[in-house]
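Please find the structures below.
Shared between the two complexes below is chain A, which has chain B as its partner in the first and chain C in the second.
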Partner chain A sequence: MAVASVPLRAEVLSLLRSLLKTARKFGDYNIREYARRRAVDGFRENKELLDPSAIAAAFAEGTSQLEVAKRQASVYTLYAPSAKSVMEIIIIHFGNTGRVVMIATA
Partner chain B sequence: MATAAASRLLRRALNPAVARRRFSTAAVAAETPPSPLPSATGEEEAGMVSMKGVRISGRPLYLDMQATTPVDPRVLDAMLPFYLSRFGNPHSRTHLYGWESESAVEAARASVAALVAADPKEIFFTSGATESNNISVKGLMRFHRARKHHVITTQTEHKCVLDSCRHLQQEGFEITYLPVRPDGLVDLGHLADAIRPDTGLVSVMAVNNEIGVVQPLEEIGRICREKGVVFHTDAAQALGKIPIDVEKMGIGLMSLSGHKIYGPKGVGALYVRRRPRVRIEPQMNGGGQERGIRSGTVPTPLVVGMGAACDIAMKEMNYDGRRISALQERLLNGIRAKLDGVVVNGSMEHRYPGNLNLSFAYVEGESLLMGLKEVAVSSGSACTSASLEPSYVLRALGVDEDMAHTSIRFGIGRFTTEAEIDKAIELTVGQVEKLREMSPLYEMVKEGIDIKSIQWAQH
Partner chain C sequence: MATVSAASVRFASLKPASRSNQTNGVTSGVKFVTIGTSKLSFPSLRSSRFRVHCAAKPETVNKVIDIVKKQLALSDDTSLTPESKFSSLGADSLDTVEIVMCLEEEFDISVDEDNSQNITTVQEAADLIEKLVLQKAEAA
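Coming up: the complex of A and B.
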């Protein structure tokens, strides 16, 4: 098996950016927020790693998670329900009559 | 003119295909707007959801993690190949389909075993924790029917354990249902006293599904080991959330569930100790699969899903645990800041943070739930919510009838966000305040009258 090489700083940032971009594609509110949050927290936790093999292992793990996220983003899009989560819905009331004028998705 | 622009904006906002195309990239091939799924709900026009006479503006936010959890996308990713091309039966010994299926099942078995510090040979896959509980209670006692006639369990166990015990009673066994303290914990002195020479099994669940209380497993295991009794624990709610070690906790039998740890529904596992060997009588007879303990084709995709869920739980236990504790604190403080008369059911110290069972004084439970339709929570446990009687677990804690009726169980999980907690606080506080405003009982309490001292006139 090939020894994993230590990634460059640019590669690490590019991986994080890809993970965040893929996270945005999830139609499901909870999964989307989790993917974004977990990616950011994961990278923050591993920021201080010094050992090259640990860095390479974390990078490899991140890359495989990116593949999983890309596949699942498609699956979740294919099967998205037509009603959105209440967390994504903005209800705009007209003045102070309490009448609902518009229901839009966030 | 304003109305034409407004209606155009409305149409664009409500059309999911248009919204999605703005963010799509060439890389993801399947970005074509999908044909709408056959709708499970009554009607879904303009994104509104209408079912059972209730109309809500969208899908409710989910705070019922003890009933079930959403499948983690990483788990689904592991399962899908076994529904598509790798569909073999793991017990087919003669071709690739069987071999790859079997190796996937064995890998999953190792994942489950690793999470509880057991040997893979001690893990058997079943259809869920209910089946595992049935096998543990009935299978063990029926095997030792000649010399062991007594079972000890608690009054707050899951219905499947209590029902299995009741079934054994009809067969002639004796059952002791230990009471619990008002904080939900079992009294270790009472437990030790209740053990007799002919006691075959002690069954105490690790984390209670209704109130979230964590029992002192290590102490119970030590008592059982000293007295030579097998210790069974229903760890369905505990797996992957609190650290479980079958050696340290002296566990002889353990029931595990897939759909409580972000895995698929329909699969569970049973841990059966090998040293010293725990003997049980199988309850599902057939082709001798799973070493004869549980016959029936092992469902590869489900088992792979459970294995993946266990792998993820092992890696994420600390991260999730920290987050969920913080969210529980946020929820409790948020509600207590705006409302008085809020009681937490069960011990706060010995608790799994993702389960918060609250009672709201001077409020009627059913009407509280009816007003909380945008939050998916439960009152009482899902298994018994069909009946109107208050939860037997709360009754065992000694909670008053009226407080037991107004209990709400908030379940926080891996995917819960701060925004959802804040919205849940807002909705709950709003609904409770609205109900209390209408309540003459609350008015009397505010005037200082003690409700329990009132003599109600007979009409």
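Coming up: the complex of A and C.
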């Protein structure tokens, strides 16, 4: 088993960018938002790691997750749903301000 | 006995006088400052000559500021100037990557890896956005 090398700072940021770019490709709002959230949270959680082997292990895990995400993004396009998720409709209509919008239904 | 006939130069009509001076070869000591007068008397002239090429449009800068505020969860009354550095607003490199991704989505551009590492202030982001939008418009 080859020893994983410690990634450089630029490589780590590049991995995050790739994960976020792949997350954008998902058609399903829920999965897209989850992928973004999980990527950012995962990187933030491991931000303070000092041990080189732990850093390398986290980087390897991130890279494998990137492969999973890329595969799933292409699989999901084969089975794209016809209707948009209601959250997406709300955000497109009202904008993504982060504030809760009350919608009255008769 | 050459007398300088500066008195014969008529200031009422600037342009013809300058041409006649050149054809006569008479070097009058009068320098026509056209830059100053064009600003004053011809407001309809497009001042494209005077635009500084590195400046970005204010609405682009404002959009960038809005996105940065939202990403870093800053309150609305924090004043952001174009020279504000992201690091001084409490953003680390992860936040910077997120901000660049948000800007990519907002302006529908694609920032490549090297450029994304160099963005440290609001002004730099706005300038890069303008350049990429221009490149995209030219390619289309």
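Couple of notes before you dig in:
Please note the rule applied: the second predicted complex is superposed on the first by the 89 of 106 C-alpha atoms of A that agree within 3 Å, B and C clash if a C-alpha of one lies under 4 Å from a C-alpha of the other, contacts with A are read in each partner's own complex, and residues count from 1 in each chain.
Just so it is clear, a contact is a pair of C-beta atoms (placed from the backbone, for glycine too) under 8 Å apart; a residue touches a chain by one contact, two chains touch by 3 or more.
The shown structure was predicted, so the numbers you read here are calculated from the model rather than taken from an experiment.
Put chain B and chain C next to each other and count what each touches on chain A; the higher total goes to B.
In the superposition on chain A, A:24 contacts both chain B and chain C.
Within the superposed three-chain model, A:14 lies in touch with chain C and out of touch with chain B [touch as defined at top].
Shared-chain residue A:40: touches chain C; no touch with chain B.
Under the contact criterion defined above, the residues of chain A that touch both chain B in one complex and chain C in the other are 21, 24.
If you check the complex, the residues on chain A that touch chain B are 21, 24-27, 30-31, 33-35, 37, 41, 65, 68-89, 91, 101-105. Taken in their complex, chain A has these residues touching chain C: 9-10, 13-14, 16-17, 20-21, 24, 40, 43-44, 47, 98. Interface residues of chain C facing chain A in the complex, by the touch rule stated above, are 70, 92-94, 97-98, 100-101, 105, 113, 116-117. If you check the complex, the residues on chain B that touch chain A are 6, 9-10, 13-14, 16, 19-20, 23, 25, 27-31, 34, 36-37, 39, 41, 44, 46-49, 56-62, 70, 73-74, 76-77, 80, 319, 374, 414-417, 419-420, 423.
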